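Let me begin by handing over the structure; questions about it come next.
Order as written gives the chain letters A, B, C and D; numbering starts at 1 within each chain.
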Amino acid sequence: MQERVKAKAIELLESGVCDRVLGWKAGEFFYDVTPAVFTSREEIEKEFVFGPFCGANMSKYLIAESRKEGKKVGAFLKPCDTYSFQQLQKEHRIWRENVYAVGVQCEGMCDIEALKAAGIKGILGAEGSGDTLTVHTLYGDKSVERKAVLAERCACCKSKKLLGCDEIVGEQGEELESARFEQVAKLEAMTPDERFAFWRGELSRCIRCNACRNVCPACSCEKCVFDNPNSGIENKAASNSFEENLFHIIRAFHVAGRCTDCGECSRVCPQHIPLHLLNRKFIKDINELYGEYQAGADMDTRPPLMNFQMDDPEPSVVHERGSDQ
Amino acid sequence: MQKIGVFVCWCGSNIAATVDVQAVSDALAKEPGVVFSTNYQYMCSQAGQDMIQEKIREFGLTGVVVCSCSPRMHETTFRKTCEKAGLNPYMVEIANIREQCSWIHKDKETGTEKAIILGRAAIAKVQLNAPLTAGQSPVVKRALVIGGGIAGIQTALDIADAGFPVDIVETKPTIGGKMTQIDKTFPTLDCAACILTPKMVDAAQNENINILSYSEVEAVKGFVGNFSVTIRRKARFVDETKCTGCGLCTEKCPQKKVPNEFNLGLDNRRAIYIPFAQAVPKVATIDPNYCTMLKTGKCGVCSKVCTAGAIDYQQKDELIEREYGAIVAATGFNPISMDKFDEFAYSQSPDVVTSLEFERLMNAAGPTGGTLLRPSDGTHPHTLVFVQCVGSRCDGGEKGKPYCSKICCMYTAKHAMLTREKYPDTDVYVFYIDVRTPGKNFDEFYRRAVEEYGVHYIKGMVGKVVPENGKLKVQASDLLGGQQLHIDADMVVLAAAIEPDKSARPLATMLTASMDTNDFFTEAHPKLRPVESPTAGVFLSGACQGPKDIPETVAQAGAAASKVIGLLVKDHLTCNPCVASSNEMMCNGCSACEKVCPYGAITYIDKDFRGPNRTTLRRRVAQVNPAVCQGCGACTVACPSGAMDLKGFSNAQIMAEVDAICK
Amino acid sequence: MQVKEEFKPTIVAFCCNWCSYAGADLSGTNRLQYPANVKIIRIPCSCRLNPMFILRAFQRGADGVILCGCHPGDCHYTTGNYYARRRMTLLFSMLDYLGIERERTRVEWVSAAEGAKFAATMNDFVETVTKLGENKRLEDLRCKSE
Amino acid sequence: MSDMTEIVKRISGVNPRKCMKCGKCSGACPAYDEMDYHPHQFVDMVENGRLEELMNSRGIYMCLSCFACLERCPRSVEPSKLIEAVRLAVVRQQGKNHLNPEQIPELLDEELPQQAITSAFRKYRK
């Protein structure tokens, strides 16, 4: 798969369609794949990587890239990235005519923590498409079931569909029945005290590095309220429990109805806080209360928070619905 | 630093009884920024107001806090007071320590403590107040009336009388609307044409009124006082300026088989036609669907015959754009279609007609020249059955309309009376559920039909009508007689429900005017503002707002005209200054605010900003139109970055109030 | 356990200018008593209430926040309260998800003629929040001056 | 008897209060003359507590279940379903199923229209 993507990247540059291509490059470690801009054939051949660890979502870079002069920018987008890509177009953030989007079929990205948890030691590298993954280690090659080491968001992938791409490498996929709300349902079933303890445990580890905000395609404000001194809630470092809650509640609220559940926030969080569970809670509520809605699925339906029905449920529904042992 | 004056009112004993006003003014004197604090028996009295003005000049106050009754009571009074003293009226805040403090707490100590907190909140808010000036937007001194029926004509005449130019846009080739098709009117039995045509001629001759017949509204942009409307003048293929209305072409045209919609298809007309004799404008119109010249290019009889040379086959639709200060919707009504009421065999026999068709049969200019003849064989009908509430008062949905159409009882009584008067040998039955005659002289009119003209009014409904060898076998229940009637009728007239004109729904979306589920325009307030739409600058006249008869329509048309005159007489519209405003530096251009704005006050422009190292960045930013924005604030919450803020109730101000309260 | 000195909650009520603020005034005119710990902030419409303000109130020591607006369909700005209804439902659901007591936040539709309902709602809300006790889960110690 | 009225309303799913007394159902009813109580009266009697009287009347068996009234009712009150439920209420009482299917063959005659047979079977075969 990597060969076909690299060939496509080179072809885009050579044919003059684009003068630069957004792709992935191996970072410090093989599993630490970082996004990169390639402008020449040699660079692509040398560094371009498309393997089981290319989790980065390119669509947010396209906000700035699509506004630059010169030819189009080529971009490789996984199915979940294309949802963010369309959502950003819907919000007029990406100038579609300056972008040449190539959809890439994806079998799900792996998570190095899961690989380690699978008991494999001394890992040097891993590659391979299809269901098995060959892992190069100090003690020879091992192969492992790809499903077992998939990242959480890929294990319950919501859709392999490539939306709004100029071209597709590999086959077009379909929306999938995903069990992504199980974890949220488990949390909802807890008592309020247990939930409070769980979230205090998680959010107290937050060091306010803003990685989640910087990577989130829905969080693309010119100037964020938390950086704006006269917004009234500016805070650079959360000094106590309240400000940690405040930051994550307000951020989740701002992306509610626009978050495509791409899972990037949890992937990049250095403290491994399951931030996606916050956004999924809003998505689950919206689906239950206002009808199924997938952000970025199409260009015209109005996001749920910018829409209403005369017979929406009353806010007191939260009181009756919640479990209160 | 702000210089704030605090004025605590006793309100006689209303406040002073349960709040220690002296303690309040002393406590608030210590607040930061407060340079003067006092209390007085009646702040809203002339003496109280003079004291405020005096203190403003003496201390050079930049902000005033009045702790008194509800702002809904005296906010405007204190704003005017400060304005006279030279302080911007929006630098005043009211702390409600009467309805929301002194009157609801018996204990003086808690009352005083709460009054101090509310005072502090008001001071915190006034610290962040910015001087606001009510914006102004110019008013275009011209009105647009959409719909040329009696409602539109009457509205236009009244507006024109006040000296303002008016355009009437009518989709049909002539103005006049439904009333031109009516024979006589209730309760006075005036001939409809005799009382309508003079008004049509007035409208034509009035130099303030410009009639755009055979035209439709294509698009409406802008806001109250500044609407810009695109009107499509449909191609008539006849030059209005040249045509004298002699009607020669309408006699010579070879295409004779065109169903005449003016007579509801009961007879035919030519491809080139003038709807009726007193049409205004009296100009021929070519029907493109039937004219052989336009379809195949082989004919041209009318242009050869026309002495004035007014025929022009190449004429195209023309789009004109004009500015208006106010728009009146007068789109009128239509009877509903009868195809869902097969139990009355409307589609199976030509002798089953709707009331409007019956009007045409009775009308001298109608298909039968005024003598009532059966459409099937042209014979004289002896037994007539009128069926009331056909499609009205139903269950809604495909059963029919849930409302009562209001005018059918009266016009059926009129039809029954006229039939019995003209043809005493006829038997007239009217099947009704309730006869509703609420107007002036209405019930007397109905009683005359029963007592003087012997119309048989039977309480019960017709179950079914079966056409059988030339007769219509009507089977109905007679509830009071407790029997089932079988009548062999010669004609059955259905009092069909009325619904708004089909053009009303698209027009409402263009005007962002709201509609109810039956497609009638919603009024700003059902009882207190019945002729205005919630959308500023849009007014409602006639049946487009709900079923009504001619007297009510004319009354409402006058009311709508007076509202329009009230608007157009102003040179400027002062608009509420507490409106949203967007900080372009922080705006993402993501149109979240535009989607939640109920008034469509937000538009977007691409603007160049200075980028890093001398590059220019072109960004899409939001623009709020202060004249249209009503200041609800929905956009300020939809905007994630806080770029959108509301003057007078800004994020910082509300946060300051929250801080002052919770401290 | 007997609370040392009787705990008096701080309640912030955001009232929409056209309906519920008028309802509050009406309950005042009718002299309907409700506890003094409720302080009312006037906002143009219920859709003006930003979740930031609610969290700010809790941060500064409020023990309960209630939003009062016009009945859906009666909004002076036609659609304001529909948006507020969705926003508050989602926000309250998230606060409940984080384990914060559900009864600390509430939305109530009060028309300008429902003075009695306003007073009754306030009495009931203050009673519920008093039972819950002080807001421990969403407090900011730096703001607790005393 | 009021609980029986509730049962009849529940079985038929009809809300008699929606009836605006227009009489269209009776107007359309082909069996009007044979009935002592007519379709618009069914609805009124069920609503105003005269169910007992209706249950003892002969008229409820004259209904051909042709649904003319159901089709034409402007308020969607569906009188035919209501009278069906009333008949059910009668039949369910002890010993009131006064016609058992075995008797039907002798009662038949050639002119009896097909519709009446199917309707009779449906009514009595409970």
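Quick note on the criterion: contacts are C-beta pairs under 8 Å (C-beta built on N, C-alpha and C of every residue); 3 or more make two chains touch, one makes a residue touch a chain.
Remember, it's a predicted structure, so these values are computed and weren't measured experimentally.
Looking at B-C and B-D, the interface holding more C-beta pairs in contact is that of B-C.
Centre-to-centre separation of subunit C and subunit D, using mean CA positions: 56 Å. Distance between subunit B and subunit C, defined via averaged C-alpha coordinates, is recorded as 37 Å. Remark: subunit B and subunit D have CA centroids separated by 48 Å (rounded to whole angstrom).
Once the centre of each chain is set as its mean CA position, subunit A and subunit D turn out to be 64 Å apart. Counting only residues that touch two or more partner chains, subunit B has 596, 638, 651, 655. Among the residues of subunit C, those touching two or more other chains are numbered 51-52, 56, 79, 83, 87. All chain pairs that touch, listed by label, are A-B, A-C, B-C, B-D. Taken together, the subunit B residues at the contact with subunit A in this complex read 585-592, 595-596, 604, 617-620, 638, 640-643, 651-652, 655.
Every residue of subunit C that touches subunit B in the complex is listed here, in rising order: 10, 12, 21-22, 24-29, 31-34, 36, 39-45, 47-53, 56-57, 60-62, 76-80, 83, 87, 119, 143, 145. Contact residues of subunit B toward subunit D in the complex are 343, 389, 393-395, 399-400, 431, 433, 459-464, 475-479, 484. On the subunit D side of its complex with subunit B, the touching residues are 18, 20-29, 32-33, 38, 40, 68, 71-72, 74-76.
The touching residues of subunit A, when paired with subunit C in their complex, are 187-188, 192-200, 225, 231-233, 239-240, 242-243, 245-246, 249-250, 252-253, 256, 278, 281-282, 285-286, 289-290, 304-306, 308-310, 312-319, 322, 324.
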